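Residue numbering begins at 1 within each chain, and the chains themselves are lettered A, B and C in the order written.
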């Protein structure tokens, strides 16, 4: 899948020669799987359990007891509906922008630069380069560059796009901008991996069969790059939905741009309202599981990793 | 654990070996005996099970049933690294992260042989690559890699050397050259070679004994000349060289021969060259043993004459001319005529008779696929 | 024909613009590491090397960085070992529940960090384990594991299994086949995986924040300082890490290119 892009960019071929090893396979698999079971599965189960807890009668903060209080979910959904809608709205918008921006770049690097591998690798490195600087600092950089007294905002004022009392930082647009920026590599790499293997001869064949460049794109290139688009979309949409740093007041957002993650953090670390935080997390996880299941149904699990 | 001390050129025996894979059976009750010191070829089309056989002998697969004996010792349960058997792989499988010399020395070092460096150098010289010891395998040409793979196996003096279509990736000229070299090395070193290939010319050229495999079984085994001159099954007759096959009911027989009638022609074969003497049989003859005539020839009872027919195709292949003759009631007959300038200026459509000596015909044990039995 | 030449110009130009856009914050960060600032690093006050020369003038920055490095190294070691084993098993062996294993390894990568962070924090809380270095490391190994598996798996798939068969054929027992053939050939992939794992660990914020207690890592330091003003020393560290990463990547590319040239020359 897309994730192979994080590894080597060379296409993977499956060696059909699989052995049936008894004890060796167990020795190889068990440590990792036990670790997963302990520190991934158990926390998830724990989240579900915690989400159903009820407040301790003593009323002490942070004190809860095991219960089956499904009402927690109802509470969470109704109180945090704005955040929920906003999170998925931001995620949707940011993913779309990321796709629109990344696709041409990925196409250029993956298809057009095949004849110049050195340049291709250089450009690819530059695309991933932002990764190498802490994403917090990247976001802070934009916060400064687009701050209230920056040239950018002055320009917006001068052209009338923003009223004199309006600013960029703290708006939905700023958050979406930050999210798009930070997650572009997550979109570009899967697209690139897919486009890099695009058989150019198919495009030539389409041309030979009287298709205009636009038709070649819509009838051949686009359908063939669909797997890359889908995995790129999943890889961007999911983390964005759960992010809260970009939307934070200290970064690009304001108190009016809080997302699901903001609420989870607040409930968990500040209010000690564990059931609420857990319920939110479970809901978010649920949506993601639905998306992933839909993907696996379509494309199977062999290609996931 | 170092491998057993080599019994120089040991006998190999496969007894009732069966190998099942999910969905199909690769080897079906196979029996095989290779005497020590022979150059043995296992010949067959892809999918016939020859590579599976090789891998079972090497220990890289375990048989579902049956035994593998080397020099009388049952090695069926031994792991590959415990068997005194070495393989030259089809893809050479040279270790890319080691030098050529280290590749060759690998087996020696695993067996903790003391002067491995000298032995490796000697092996490298044997295949005439002494100056390339420090290179990486990727820097060598295909032919050179093949020789390194050979040296790497040979240096361990195995009781049995397995070769898995090692010449497949080489161009024609290099392949011919390597065939001669391999045979020479085998004679010089005196080891038993088991060579797996789908190239029948290669097998016939190099081997002392050829076994033809089809669908998981050995159909026929023997010296190349014998197999060529007297194939026993339709498959062998078609796989080794070309064959004309005539199918019909046995209509007459005498103490020394049987005859069938095909399209009004009588075709006879010697009983001692025929597997089946009654019922519906197939009689074959090689195209180069057949001749054609523009008028019906007057030949004795030791000849078979069939015809008349029409020449429908002529091919010029340099050494010989290939004539395809359609005889009504019989079918298409191929005749090779050696190109020594005496062939008449014959044309397409010419009416000819075909003849061949009875002693060149062979009778098969079965009928070709697709023909009805009785 | 006109459309064709338009395409030839537009695409590269657009890509160049996009790349410049991507690199702007990096340039900003590096430039501001030279800013002659005292507390808040938001306004340009002049060019100076002093932050680069005296990075640990602010001890808390250096402490945070050393924590991050320590956590990164330890997490990487564990994640790489566990992940490599899993990758080899997935590619080379057939076993029941392969799909389950693949899915279970994929899910952590698809799970939002808040969920992982809150989940692990809840687990540690219920188990009575106090948040700190150990919990951070456990969390980091957790989310790096899948990435290691993906990276090494790609490498294992390009490994010709016949090579290992040849090793066995040449008298190497299974342990030797692994140490003398498999491992050396997998090494580039394992190293890539380790570097990726370290990078992910070093840069992680959300999961760490939930599970760190009083321990500060570099990203956590930045987050906390964001409201007050991030000192230039942090920019210095980040720039140094960035340059180091670029150097490593370039060095690998150049080394690879040189190797290929050498082999081709033969």
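Quick notes
In this text, contacts are C-beta pairs under 8 Å (C-beta built on N, C-alpha and C of every residue); 3 or more make two chains touch, one makes a residue touch a chain.
Just so you know, these numbers come straight off a predicted model, no measurement behind them.
Note on connectivity: the fewest chain-to-chain touch steps from chain A to chain B number 2. Of all chain pairs in this entry, the one linked by the most C-beta contacts is A-C.
A comparison of C-alpha centroids places C closest to the centre of the full protein. With centres defined as mean CA coordinates, chain B is found 60 Å away from chain A.
Per-chain CA centroids place chain A at a distance of 17 Å from chain C.
A straight line joining the Cα centres of chain B and chain C is 56 Å long. Chain C has residues 160, 174 in contact with two or more other chains. Counting only residues that touch two or more partner chains, chain B has none.
Interface residues of chain B, counted against chain C in their complex, comprise 1-3, 58-60, 79-81, 85-87, 89, 91, 93-97, 106-107, 110-111, 135-136, 138-140, 152-153, 156. By the touch criterion stated above, chain A contacts chain C in their complex at residues 1, 3-4, 6-8, 10, 12-15, 17-21, 24-25, 27-29, 31-33, 35-36, 39-44, 46-47, 50, 101, 104-105, 107-109, 112, 118, 121, 123, 125-127, 129-142, 144-145, 147, 181, 184, 213, 234, 238-239, 241-245, 249-251, 260-261, 264-265, 268-269, 274, 277-278, 281, 284-285, 288, 292, 296, 301-302, 304-305. Those residues of chain C whose C-beta lies close enough to touch chain A in the complex are 3-4, 7, 11-12, 14-15, 18-19, 22-26, 28-29, 32, 42, 81-83, 85-86, 88-95, 98-99, 101-116, 118-123, 126, 138-139, 141-142, 145-147, 149-155, 157-161, 174, 189, 192-193, 196, 199, 203, 205-206, 209-210, 218-219, 222-223, 226-227, 230, 234-235, 238-239, 241-242, 245-246, 249-250, 253, 257.
Only residues 160, 162-163, 165-174, 176, 180-181, 184-185, 263, 266 of chain C touch chain B when the two sit together in their complex.
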